[in-house]
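Naming follows writing order (A, B, C and D), and every chain is counted from residue 1.
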Amino acid sequence: MEALARVNSGYQHGYGNDPETEAAKAALRELFEAPEAEVFLMPGGTAANALVLGTLVQPWQAVYCSGLAHIHVDECNAPEFYTGGAKLVAAVPGDRITPEALKKAWAFWDTGDVHQPFGGALSVTNTTERGNTYTLDELKTLFDLAKGRGLAVHLDGARFANAVARLGCTPAEMSWKIGADAVVFGGTKNGCMAVEAVIFFDPEKARGLPFRRMRSGHLLSKHRYLAAQMNAYVADGLWLDLARTANATCASVVDGLTALGVTIETETPANMIYFRLPLRVHEALLAKGAVYYHMPEPGDGPDASVRARLVCDWNLSEEAVQRFLDLVKSEI
Amino acid sequence: MEALARVNSGYQHGYGNDPETEAAKAALRELFEAPEAEVFLMPGGTAANALVLGTLVQPWQAVYCSGLAHIHVDECNAPEFYTGGAKLVAAVPGDRITPEALKKAWAFWDTGDVHQPFGGALSVTNTTERGNTYTLDELKTLFDLAKGRGLAVHLDGARFANAVARLGCTPAEMSWKIGADAVVFGGTKNGCMAVEAVIFFDPEKARGLPFRRMRSGHLLSKHRYLAAQMNAYVADGLWLDLARTANATCASVVDGLTALGVTIETETPANMIYFRLPLRVHEALLAKGAVYYHMPEPGDGPDASVRARLVCDWNLSEEAVQRFLDLVKSEI
Amino acid sequence: MEALARVNSGYQHGYGNDPETEAAKAALRELFEAPEAEVFLMPGGTAANALVLGTLVQPWQAVYCSGLAHIHVDECNAPEFYTGGAKLVAAVPGDRITPEALKKAWAFWDTGDVHQPFGGALSVTNTTERGNTYTLDELKTLFDLAKGRGLAVHLDGARFANAVARLGCTPAEMSWKIGADAVVFGGTKNGCMAVEAVIFFDPEKARGLPFRRMRSGHLLSKHRYLAAQMNAYVADGLWLDLARTANATCASVVDGLTALGVTIETETPANMIYFRLPLRVHEALLAKGAVYYHMPEPGDGPDASVRARLVCDWNLSEEAVQRFLDLVKSEI
Amino acid sequence: MEALARVNSGYQHGYGNDPETEAAKAALRELFEAPEAEVFLMPGGTAANALVLGTLVQPWQAVYCSGLAHIHVDECNAPEFYTGGAKLVAAVPGDRITPEALKKAWAFWDTGDVHQPFGGALSVTNTTERGNTYTLDELKTLFDLAKGRGLAVHLDGARFANAVARLGCTPAEMSWKIGADAVVFGGTKNGCMAVEAVIFFDPEKARGLPFRRMRSGHLLSKHRYLAAQMNAYVADGLWLDLARTANATCASVVDGLTALGVTIETETPANMIYFRLPLRVHEALLAKGAVYYHMPEPGDGPDASVRARLVCDWNLSEEAVQRFLDLVKSEI
């Protein structure tokens, strides 16, 4: 808010030709230790990811991702729209891509024939949509495989900060140092109002993105308001502090639930977990006003259970967490 | 050829405004017992299927199909191109969609939320890409389910004639009488040079298709040459005779291979089978000049085997079949 | 800023399912006297206009607009992207569409033949890109013509408020009461940070827009920040006050320049004028730090002159205007 | 027909992997004196032109063409579809692009700014849609200008053969020797059933076209039937003989009509002319069964006249021409 107010007076050039934007780009290049990187700001993550994919793959290619990838199941075909019709291929049904699954995917699709949509990119999210965090080694193995096949590597960064916080690494270590071509460094889910940064480490690969952004309406005229958010977010490591806070809160939820015998499905969580609650407990929690996302179709009978998701925001208080744990304890 | 020669002289209006085209439309309406149907001719099946899908679904929807559906794996993302970016969702990994798989697919995708690409159409091929023929009851069960969800039903008809021949039913019985909205009645794979008919049983649902065909360049100017092929194909039941011949040839191959102990993977074949050959036998056959499609990656060791495909064309001779069977016998 | 701060704490549902958004929709429905209208908020005008066009026309149709229409010349083919390839047809070379030009356009394009991209919509901007304001009668004549041909009517509203202020009419009188189907009510160019409202007066015509907005990434997750801007903008007539202020400032510039003998090209201005300066004067002004947009290619010789544009923002001060006029006076 | 019959028996690989196709490619490379050229066959001209444009330009660019260009006004937005939304910019209202018009077009559009769709290609047709034939010098001047701006040059070749016949030049002289990047060498309008050849002189520029052709359904499976037509068309100069015949017929029509005082609007015709007939004469001709295309809206009063078009096909007989001229004579 303070940052927005700061740029809210005086005249500025529009469309990103302003000093605030230059500062944001410089800050991100420094943060990623990538002085040559091309940086673009946008108000939302769906477009940021889809524009990156549109820039990296041809319409007749495939993007390998997980079966639960946000780009595949939660964006109303945005990647298909922005790539002009490329195919998203789920290499695994779940959230974590494995080297074996990747090899199997291209054994099927990459035939060298004009009929099959062959792989153009690998898209990975860290932390994943089920809350799991790949290690750097796991990512590097996948990226090496992909690069060896000539695929571009896209890192969807909705929870990028949380993964970096959990892994204790640098942004560079989780991106270009292990082979990522483009990263979406998300701000919106980690405390910003509406801003995402797209970072291409090789400027050659970013060709076309300025036009793609413009013709899709994601180049905002009063661009300084995006830049101000990003500057505040990057300055003094705020992005990382927020992620660490969120992760710590999540860890205390995991500890609390585990102690109560609740099954945590997420194995390597950062700030989000999936867990299973007996149907009876779930219903009692809801009745008492607990708020969390849960899947439909719990099944029947005494073993009926519900898969629930808890996202620990950077601003979720200790008291709220304790209140939730107490509630679970009283019902279980 | 005779039909082409017949329309090869004299002046005719272009773009389908000619008597030969009118005759073809009338013949197809009669064949399908569908006097109100909208009929369109095109030179190829990829476009015919993709144009139908583009007409039936919105870009933000999903098309449920099988994991081996030609539209999904063999058309270089043509359906994504023609639908403006709709998603093809493989309800099963193999070639035969089941009611359970269909229900599971929409339990996952059709959330009623703006984020998920919900189902817009079901696309089924009969005979399937692995050579299996659904029964009318099996199809009807799938179509009823789909209609109950508000999905449109598309029947990809590359081997439509062969399925009709195997099932001993009429074209109407395998299409609109069990709920299909649009059929591609393929000619090219059953003896024609290059012609496919798209048939919409409800003219309302065909809206837009004339423009889609034109702007994609599939409205040929000398349209009478398409129509002449289709007229010759439909007249006197030639389409069905060719399919019956092909199916009979295929049945004799199945009998012959089975007698030799070869595993036939296709369970309910029409004119195409998939079968497994020991690697050693396969290599010997190739060496002696046998021609059939086979998958790569036979595996290692003494159990290594090859999945092979044999398509029995309407013009495959008995002698050729016998020669092939003799060859297998000598090597097995 | 105050409005943004107001929604900056507490938990809210995302994607527009929040009370702030409901309030904004209600406020806009009231402002437009259109209780049934469908209202959508988006961060930018390019997407807002293009999404409306994509909803109103088919890819094989044409959008009639002026030769200087922002959608045609300034949006990097955004309308073509969002319509899936519709054609923008400039009915006139300049900024003001005439009834004669419109009739001539469809005499050429609307042949009733599948080959020609026939008209799907008329798109008009008031105030225009050259600063001229159509009267309500002029608009109604165009809209009546369009509706009589079955065209949808789109009103690009970048300077909607300024036109309403100049005409002394209501928003309803400049939109649905004279036949507009959809309006983009722009906030960004009239003082907001980044928000535009799309208003469809007939909900039936808005079908598909929710999905189009989502798949293009223009449905922001923290939607309340858009809504808060719009609420502040609409409340107490702020939007109109800002427009009146801007128009008044512009009128004083017009008076001042006219008194100095400068040719004003804009005939019916609201808050923006185009005018011609002798090349010598222009160069002197630039040298002394005046800031305004000007066209390249002034020509040669003693008659060389420059076409310049001055947009009077709502926050342009009287002092700045006077300083500019004094500067012109000293050089002319 | 003979050529089709010749390839109508025996087994052949599909999708262009057959000797007939290889022969056609070789023949076209020889005809164009371009041994390195990439050659593609397709059944129709709309797709051939649109696929070339999609390969040459980006979706955010413009294609400069004439205001009567077939790609602009007669193909139901096919170029917009195949380019993913590029803009067609009419550099002139009529059929002949001039150097001045071209310069003016890019002075307006090519601003170097991300907002304007800047030029990606120049598309020219020779002979034009009004029947005029550019000289080689005229073409070279346009192409040089375009190349100097970094534009690709596309030659729409619906009447390529007729232009070559009129100019007495070689195919190479009217294409790559003066700077064309890609030509559509049309067969359908000059006697073939349905075949067009796309020729890219620099293979680098053809990248992507094989996939674009496949995913749009223009790679026919029984490709040998396309190739056979093209082989017959190219062999022994049949293409040129047909064009010469058509041009000669047209010249005799021009002479005949001119002698009768009819105004010929086409100045440099090959095989097609536009001419004006008094309304009275036109109506009498129609009543007596004459067939030619004419524009609507002849105007009123004694000066009312009709613009008519006559295309002289390669197979239009001398008798038919004489009959038509006699008819005109009797009514004028």
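Heads up, the rule we're going with is that a residue touches a chain if its C-beta (ideal position, glycine included) is under 8 Å from a C-beta of that chain, and two chains touch if they have at least 3 such contacts.
Predicted model only: the values in this text are computed from it and were never measured.
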| item | value |
| --- | --- |
| Chain pair with more C-beta contacts, B-D versus A-D | B-D |
| Rotation angle superposing chain A onto its copy chain C by C-alpha atoms, nearest 5 degrees | 180 |
| Inter-chain centre distance, chain B versus chain D - centres from mean C-alpha coordinates, in Å | 35 |
| Chain C and chain D, separation of their C-alpha mean positions in angstrom | 40 |
| Whole-Å separation of chain centres (CA-atom averages), chain A against chain D | 50 |
| Chain B residues counted as touching two or more neighbouring chains | 59-60, 75-77, 81, 84-85, 114-115, 211, 214-215, 219 |
| List of chain B residues in touch with chain D within their complex | 1, 4-5, 8, 11, 42-48, 50, 75-78, 81, 188-189, 193-194, 211, 214-222, 225, 291 |
| List of chain A residues in touch with chain B within their complex | 59-61, 73-77, 80-81, 83-88, 107-109, 114-117, 297 |
| List of chain A residues in touch with chain D within their complex | 15, 58-60, 84-85, 114-115, 208, 210-212, 214-215, 219 |
